[in-house]
Amino acid sequence: MDPFADRPRRGSLRSRLHRIIFGVGTPAGKAFDEALLVAILLSVTCVVLESVPEINAEYGMPLRIAEWCFTILFTIEYVLRLWTVAHARSYALSFLGIVDLLAILPTYLSAFFSGTQSLAVVRGIRLLRVFRVLKLARFVQEGSQLASALYASRQKITVFVSGVVCIAVVFGTVMYLIEGDESGFTSIPTSIYWAIVTLTTVGYGDVAPSTALGRMLSGVLMILGYSMIVVPTGIVSAEMARADPPPQRGRVCGACGAARHARDAKFCRVCGEVL
Amino acid sequence: MDPFADRPRRGSLRSRLHRIIFGVGTPAGKAFDEALLVAILLSVTCVVLESVPEINAEYGMPLRIAEWCFTILFTIEYVLRLWTVAHARSYALSFLGIVDLLAILPTYLSAFFSGTQSLAVVRGIRLLRVFRVLKLARFVQEGSQLASALYASRQKITVFVSGVVCIAVVFGTVMYLIEGDESGFTSIPTSIYWAIVTLTTVGYGDVAPSTALGRMLSGVLMILGYSMIVVPTGIVSAEMARADPPPQRGRVCGACGAARHARDAKFCRVCGEVL
Amino acid sequence: MDPFADRPRRGSLRSRLHRIIFGVGTPAGKAFDEALLVAILLSVTCVVLESVPEINAEYGMPLRIAEWCFTILFTIEYVLRLWTVAHARSYALSFLGIVDLLAILPTYLSAFFSGTQSLAVVRGIRLLRVFRVLKLARFVQEGSQLASALYASRQKITVFVSGVVCIAVVFGTVMYLIEGDESGFTSIPTSIYWAIVTLTTVGYGDVAPSTALGRMLSGVLMILGYSMIVVPTGIVSAEMARADPPPQRGRVCGACGAARHARDAKFCRVCGEVL
Amino acid sequence: MDPFADRPRRGSLRSRLHRIIFGVGTPAGKAFDEALLVAILLSVTCVVLESVPEINAEYGMPLRIAEWCFTILFTIEYVLRLWTVAHARSYALSFLGIVDLLAILPTYLSAFFSGTQSLAVVRGIRLLRVFRVLKLARFVQEGSQLASALYASRQKITVFVSGVVCIAVVFGTVMYLIEGDESGFTSIPTSIYWAIVTLTTVGYGDVAPSTALGRMLSGVLMILGYSMIVVPTGIVSAEMARADPPPQRGRVCGACGAARHARDAKFCRVCGEVL
């Protein structure tokens, strides 16, 4: 259900702003979305660059200024959304509402705490700003049949992921018994970490088997991980194929109701009626 | 076939327990399952944590106590299952029955052997407890069409895996000839290990080609491994697509309730009624 | 639309050359294409080999000579194309036209600049020649239903890639907070780089987590990356399955020749004839 | 076409042997196949183990003896095949015939050359024996619809692989310009090797970017490689889906010819006739 169901009185400033901020039909709405998109990307880039010592040393001040500009912009955006939306409360509690709030809070908090608190906390808070990327979620149209396919096969995917974890636990434990500490298998958690690294075909190589038996076993694990990916693929492919039926099957004969007529069909293939 | 076919006399304590332990319909049954799930996960976590030297040094005693609690719990569960199930023997010999037994045996054995046997054996036995994760298999409903798809294409998958191994053997041997010991290709088994690591796109990097020819050949192997995954994917996708017909074809006959009629069906395919 | 729509007067030398250069029907045309293919591959090989110090030291002169031969060949090809094509301008501005120009320019430029400019620039310009591989694009027939499937699902793929990047940004930042500099997470860009390396299951291992929490989190990221690939797979599979209808449904109408009639078709869907 | 079309006079020893060696219907034929399978696997294992210095030092003699036993066995098999088969020549020149010959030749050759030739040659010849694994090809039934699907999409796969190589060449060259020697990008071939390692998500880490720009670019390459795998997957999935039409579509109504009746169909869904 859409929390912005009943719109404010049209014609008023509030309704015009609503159309611009929430709507995409109008040119103004499009422009607003694009501006927002750019602002999000730029602000995240700033946060990221700020963490590079050299850049921070040289461009620290401009970055901090830009930071404040973005925060003020997003604050204005947040306030306008709160004002123009039909149900401010349900927006504020919606996923996007919380994300919009999280996008502006850290800067204020860091300014507030800077003196009083430990550096680690401030650093942590400041880096929360990177979650602004989640504001991009707004640009992904809901209910895409991709999401529906994933949702439809969520149970199977849960089973699959649990299976992956179980295999990692079992193989990790066995490898912990086989391999010694010198190979890096210092504890079962480490071995499970290695098993996941191997099963997902990431393969860092920071932990790697050295004994013959261990290598044989990890060979099995690798082939397992390599082949196992087909399982969710098969699931989701089937879901997708089910989610969108080929369009050329879409037309129905008015006379006999025979469906799945090809795009270029002029006549019903069952009763011969003109479509 | 279901080994618990004929139920014990209903109303009796035994039958009530049976409904709770094996059934999921009743609230009590659900609660039991959830409690079991939590117990399994916690007990495995204990086994895993116990292997971390620091944690074992500090929390060794509580972990050992928790261990015994879980063992006693699982023992009670096992006994109750044996008692309440219709055919105790067929349960005891079923996969889940053996897993349930394996979940409790190691602790008792380790307590028994601790003094007499070598540490390695005891350690090995104790770590068998991690196989408790297999108790989770109970929560995966049988006969999922995923399993059936895998089962239907088991032969093709066998051929595929054998193919992977053969390619690994051939490439491993050739690379053993091309590359010297300094690159880590010290023997054919090691080279085969490298080939599997490469073919499955894991790529640890502990063994890596250094000669021009060797790198060219491993490039071929990589592209092969990268592309080859499509083969089982295609197989299983096709199986899956076959396994579940799209629901939008799911018209149901009013007379006999037969479902999955084609769009252009005029008559029920089972009872011949007009749809 | 095809820029070479209206052909030059047939019979003339120009039209004959046009048929040879652009056409593939005639034996001469086939021969020309094959010669071109070989020339492209050889010339790129030269560029690649030239960069190997040992080879350049020994075979520098022959390579440079071969280089000039290929350049002259491609120049002749380019001039002939310009001359024989119907609309020289639209060809020159087409993708292939620009590629053909880029294939010959660098050699002339490098000869021109060699003395005057810095070595780096010349080196850069010379290496531009490797883009000759793009000339191969000519041999990929346009409008393959593979390309159309990709094109049809471009939006979903964009969303997917953005999703990958966003996940990498978020995980990278969090790991930057968790892991210290000693693990290699020296800045957020580096951490994002690590996150992409992990999410795409490449796993160099040059940056790898060392703390327990970091490894747990990267385990999540790995499983995410490992499973997430099914999403685009599902998308494109569905697109492909839609793109080409099974041939075994390919009944042809005797009257109008319309093909791809459904199995249960009684009448041609185009002309209404009884099949 | 099957080279063993016209069989030798039945009843004769030759024909009985032929049934045993080439046939699988009779118990003797099955037994022979199984024995052959075991012999192949064992002999390859011997070759592999012989390359391990420790094992060769200790069990060199028994391995060499086993080697000769296997060679004699395979020689007998080869001779019998030559004798019993209808067209000895066409078998000898067939893929399997050549493989069978290659399986026995190396041992004899190595025995012959051992004294006269250099060790490397002998070693190479001896290792040819590992190609015995190709004898397993006999057990893969021909014309599987998997092979046909691959064959049907061979062109697309060629285009795909060429695409992968072209991307590797272009990215490799660019990275060679960006990254210096200290990162391991010492020449374009090495850089192309790195690009393939990265694009196929193998990721050894022996060559890895160190500059910011290089890491950004390789991030692009990784995401490209990670997503690009969907292309062949889509192709082959579509091919597979096309290769095997769901069985429940297979039955045809005798009265009206309506096809694609479900397995449990008793009546035609179009005309209501009893199937």
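Labels A, B, C and D are assigned to the chains in the order they are written; within every chain, residues are numbered from 1.
Keep in mind that, in the parts below, a residue touches a chain if its C-beta (ideal position, glycine included) is under 8 Å from a C-beta of that chain, and two chains touch if they have at least 3 such contacts.
Everything numeric in this text was worked out from a predicted model, so none of it was measured.
*Asks:* Along touching chains only, what is the step distance from subunit B to subunit C?
*Replies:* The fewest steps needed to get from subunit B to subunit C is 1.
*Asks:* Taking shared residue numbers divided by all residue numbers at the interface, is the value for subunit B and subunit D over half (same) or under half (different)?
*Replies:* different
*Asks:* Average the CA atoms of each chain to get its centre, and name the chain whose centre is farthest from that of subunit A.
*Replies:* Here the answer is chain D, farthest from subunit A.
*Asks:* Take the average of all CA coordinates in subunit C, do the same for subunit D, and state the distance between these two points in whole angstrom.
*Replies:* Distance between chain centres, rounded to whole Å: 28 Å.
*Asks:* Give me the residues of subunit C that touch two or more other chains.
*Replies:* Touching at least two other chains: 189, 192, 201-205, 225, 229, 233, 235, 237, 241, 264, 266.
*Asks:* In their complex, what parts of subunit B are in touch with subunit C?
*Replies:* Those residues of subunit B that touch subunit C are 201-205, 233, 237, 241, 264.
*Asks:* Quick check on the complex: what are the subunit C residues that touch subunit A?
*Replies:* Those in contact with subunit A are residues 156, 159, 162, 166, 169-170, 173, 176-177, 186-189, 192, 198, 201-205, 208, 212, 215-216, 218-219, 222-223, 225-227, 229-231, 233-235, 237-238, 241-242, 245, 258, 260-262, 264-272, 274.
*Asks:* Taking the complex as given, what residues does subunit D use to touch subunit B?
*Replies:* Result: residues 44, 47-49, 51-53, 123-124, 127, 130-131, 133-134, 136, 140, 144, 146, 149-150, 157, 160-161, 164-165, 189-190, 192-193, 196-197, 199-206, 225, 229, 232-233, 235-237, 239-241, 243-244, 246-248, 260-262, 264-272, 274 of subunit D touch subunit B.
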